[in-house]
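After this come two complexes, each holding chain A, first together with chain B and then together with chain C.
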Partner chain A sequence: MNRRISCLAAIGFMLFCSRTWAELVVEITKGQADAIPIAIVPFSSPEAAAASFDVAKLVSDDLARSGRFRTTDRKDMIEQPHTGAAISFDDWRRLNNDYMVVGQIQPLGQDRYNITFELYNVLNRQRLLGYQISANKPGLRLASHQVADMVFEKILGIRGAFATRIAYISVLGSLPHKDYRLIVADADGENPHVVMQSNEPLMSPAWSPDGQNLAYVSFENRLPSVYVQFLKTGERRRVSAQAGVNQAPAWSPDGKKLALTLSTRDGNLDIYVLDLGTQALTRITDDPGIDTEPQWSKDGQSLYFTSDRAGGPQIYRVGTQSGDKPRRLTFQGSYNARPRLSPDESQLAFVTQEDGGYRIATMDLRGRGDVQVLTKGHFDVSPSYAPNGAEIIYASRDRGRGVLALVSADGRVQERLVSSEGELQEPAWAPF
Partner chain B sequence: MRDFLREHSWAVVVSVLLHGLLVAGLVFLALNSAHRPPPSLQPLPIDAVVVDSQVLHAAQRAQAERAEQEAARARAAAEAQAAAAAKAEAAAADETRAAEEAKTAEQAKEVEQAKAAEQAKAAEQAKEAEQAKAAEEAKAAQQAKAAEQAKAAAAEQQRLIDAKKAAEAKQAAEAKQAAEAKQAAEAKQAADAKRAADERARQDREAELRRQLADEEHRRAVESGPLRDSYIARLRNRIQNAWIKPPSASVGLDCLVEVTQIPGGEVTGARVTQCNGDAAARQSIENAVYRASPLPDPPDPALFERNFVFRFKPNE
Partner chain C sequence: MKRILSVALLIAGAALLAGCPKKHNVIEPPNAGSQVSGSTQGEGASTSSSALAGDAGTQGGSGMGADAPFARKVIYFDFDKSEIKPEFAAVVAAHARNLTSHTNLHMKLEGNTDERGTREYNIGLGERRAQAVRRALMLQGVTESQLNTVSFGAERPAVEGDNEAAWAQNRRVELVYGP
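Moving on, here comes the complex of A and B:
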């Protein structure tokens, strides 16, 4: 009898063994492109002076504007903890928050403040970040963008670009009294500073790789010239004033050269490289058509540019060594212009014409050259990549007025920057 | 038959050995084929075995507890019976004592009566001393007779008492014997009960194992059927809808996450094991599992799995 039991037991065990092998494996092949729910709890501030700046609101706005986060409304917060120890995770999870940020702002005296913040994963209660940033009152805005950057990077694995700047041209008034301004602002459009003002057109701002200088085209002497301006001091110098056209400056990756478009005596436009140290000019293209809007590759070995040598404007690439033959990159559609290379060089953004409108498109440079049109406006032009490559800023028109807009590099998120007065044109996103 | 065996003894031995080998071989094959080849993923055999052995332990524990309870019951009954016997004995002793006391009291009464009679006689003698001298002898005779009568009565009384005592002693002995017999009988009954309990426990154990086997068979039947496919499809949908893909998670990502759920579908653990993605991808995957909690109920309870492995392999 006992023998029979042990026999049964042995068979039972065997079945249990095989059961462990049968452990279910489920394959997930799709995901949602949803925004990640996050709560930025208002930071506590012991003094009214500190409270006059709302760190949490700025962080929350940054994350929401990126389109990758859905931030929880303050009136939906049943409590407002300021440290991790005070968080009731179950409650926050019930409100569908995946992550939350808590923090405090403390005055240190002499106009200095400490921002302390922590990032938590509500789902598994893990503390992901804990930092303290010290800033003076004007620096609180930048410090808040830095908080948003850290949160963004921790959750998405992409460096945040909230604490960066943009440059753009703002045009006020109407002819004959137009007012052109070159403006540098925070990436969220706030904190704008006029760095150059003129009654003649200003065009094509371009950031130096170190973010300290801007090159741009100014018609201040009625003729186009290229200037380089040192932002800290406002000191500027004219670097190119050739006869005819001087336009579309682009910094080489080492910051020592500018690629630009110059015209020969017969009015033919070609790409040149100007050595800023020696003033030496090197001609890169030589074609009867228009070659313009150059952009450097990261290694400085080639230039992407627009040319109408085949009829309509298309994008080409050419080596910076003389004598290299340009190679055409775009073949879809009759209009592809203004190439901009993504920071990791995996994508090329440009303006394409579709259904009679101008739109921002990207081309995959690593795979089969797939083209994706990202925007749906009628006049979406002048794309410029954020330094993290996640977004593209561009100029658009809203009810007849020039505005700035953002689209994520994969096209799934679109935002509009709240603009101040004026026609906004030619945005250029600064490096980190 | 015996002749046949003697004539073919070698052949018989060889044949028996061959059959033995054949049976052993078949059993070996059967055992081996019962194991399915391991999938590419190394699952958590330890976890699952722990879970299963707990089930087994629980069953065994329950049986042991049942047997123990039976034994305790038998023990309690035997104790109660022993207590009853002791009480009966004590009652018998009480009775004996009471009888003896009664006897002593009676004796004292007799003595007193006799004394009273003597006193009466003395009084009579004093009173009747002056009476007829002739009656003196008769009186003396009468007195002697009365004394004799009193003595006889006392003797009779003593005899009765002795008889009663003997009877009582006999009764006590009988009661004691009866109690002993009863105790023995009860002990035997308790032993029988224990044997019966053991047998029941053994049967329960066997039934439990059979039930587990039947469950297992049922389970295997459902597992290979369309119900399992539909369950997997529901799980996949649920998790896919909960996964917020980070930008870094694109074609080429391939991650395994081990999931633990409890009945009702609540996720109690999610841990990415093998993964070629970055920290953000890993986190998004673990979060997807938590966000999908509670997981859908299986269409058949036999399909419930405490431990899952989800494979995240985006194809777009």
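Moving on, here comes the complex of A and C:
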């Protein structure tokens, strides 16, 4: 059977951005004991210098970073085949590799390259994948993440999320002159770009479902407003600037509405839904407590949110149809806040207080509501699911500095993304 | 079995999504607009704005000492609390007197929290603290239209540091005279 699908897409114009941000370095702090051994053999490159890009290293880093794979060190590779035909399977099996990836990168001229790769099961010599990806030079990084995504999905049956992006807030400088930046970067922290900069606080970035817009809170003029910014052009518009609080934007699944937190004249915070087309505001909650941090269910019919109506903050769910009575979901502990739904809605991630620290926990939504605390830090907040649900990115503290960290949704793998400068806050993982 | 899937990626498009937007550098000077300068400096003498200084004279010279209630423009709170502690009653009273006797004056109440907890919930706590001060001032006769609140939650700490000494300095409402 020979299946050849050839999709040609116009490689259009590229906008060139100067690298505007210190890169993040990943440190795996807790690996998975039964990680799958895989060898990513360096790709041959007839004109290696032309591309000067190490596809295999990036693929290997991605897979290792997931914690689910243990990648073979290059110096332990006895040979470096570039095609399936050249693999001596017995040798690779003796080195305890279950899988291996071989490939090539070939210049096509005019700054374009072809990446060819194959994934093999070393044990039964079966070829599991054979793909060719073409990219221009700035696209080689994304193409490499795509290779990692395909390998990840083929072996684990879970869609890879390496070729996705994250947004986060970075704070530079010291009091009283701070510089707040909203950054968009690749999921591995590379390729960071400043999309908004202010010397008043920026907060709560939220991706639109199509990944094209970010909603966020900006305190420019020392008052909070909610903005929506179109990333392609940088154009932005102020969508909420009511008197009082304008906070915590959350996109509806159809991208047409924002749930947000507004306050009445006497400072009572409640959840509202703003129709971005008509500007119509619908009040969802009405309680003297603090109601905030809304998050939509996938069908758009309910909102999960934080409320301290019963004393301390706890998580509730309410229907978006008027008159629905909120139902409390968390009962363990005195502080449970900022809910985020996993993409398949099987679990809820949130911040819980335990032993005096703030940590990331999940609650099983399908079974008996079991709660699992995933992290051990003291300042772990702002959880955000990867679009494949396999990992949660969150804000943590490392030696007094704000850092981003990752934990697998089952808690078995933990990593830190370490930036060379700035306090990093409020990561938000983009959709696929 | 040979499966070659040739995918020409929309690399350029994706790179565009990643964003090379025109930079929106919102360059507001730290004390943009008509805010009283130096509001983040808390009790610092420099926070005496022209508006306040002008009116302060009528309050009597004794009110101008650095420790006098009227010179203090920050009210501190206990952890997770929004009740005004007794030691700040005199501060509230002094500013209430100033505002009631000078009804052309306006005040912004900036609520803040320490860094613990979630960011958006802290916005709620900061607002609750600002509202507590607003209510206390109104109980002493200040007109509603003279007062505005804003909550920065944990986003604008007065002091850096993850220890109780720093947190205590950050759980506060700043009283900012303005237009």
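One rule holds in what follows: the second predicted complex is superposed on the first by the 393 of 432 C-alpha atoms of A that agree within 3 Å, B and C clash if a C-alpha of one lies under 4 Å from a C-alpha of the other, contacts with A are read in each partner's own complex, and residues count from 1 in each chain.
In the analysis below, a residue touches a chain if its C-beta (ideal position, glycine included) is under 8 Å from a C-beta of that chain, and two chains touch if they have at least 3 such contacts.
Because the structure is a prediction, the values reported are computed rather than measured.
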item: Touched partner set for A:Asp410, first chain B, second chain C, both or neither; value: first
item: Touching partner for A:Gln212 - first (chain B), second (chain C), both, neither; value: second
item: Partner chain in contact with A:Asn199 - chain B first, chain C second, else both or neither; value: second
item: Residues of chain A touched, compared between chain B and chain C (which is higher); value: C
item: Touched partner set for A:Ala85, first chain B, second chain C, both or neither; value: neither
item: Partner chain in contact with A:Ile155 - chain B first, chain C second, else both or neither; value: first
item: Intersection of the chain A residues that touch chain B with those that touch chain C; value: 1, 4-5, 8-9, 11-12, 14-17
item: Footprint of chain C on chain A - complex, ascending; value: 1-17, 127, 129-136, 138-139, 142-143, 146, 163, 165, 174-177, 184, 186, 191, 193-201, 203-204, 211-212, 218-224, 229-236, 244-245, 247-248, 261, 263, 266-267, 269, 290, 292-293, 306, 308, 313, 335, 337-338, 351, 358, 378-379, 381-382, 397, 400, 425-426
item: Chain A partner contacts - residues on chain C that touch it in the complex; value: 1-30, 32-33, 35, 40-41, 115-121, 123-125, 127-128, 130-131, 134, 149-153, 155-160, 162
item: Residue numbers on chain B that touch chain A, as the complex places them; value: 31, 34-36, 38-39, 41, 43-45, 47-49, 52, 56, 202, 205-206, 209-210, 212-213, 216, 219, 223, 232, 235-236, 239-249, 256, 270, 278-281, 283-284, 286-288, 290-291, 305, 307-316
item: Chain A - residues contacting chain B, complex; value: 1, 4-5, 8-9, 11-12, 14-36, 68, 98, 121, 123-124, 154-158, 390, 410
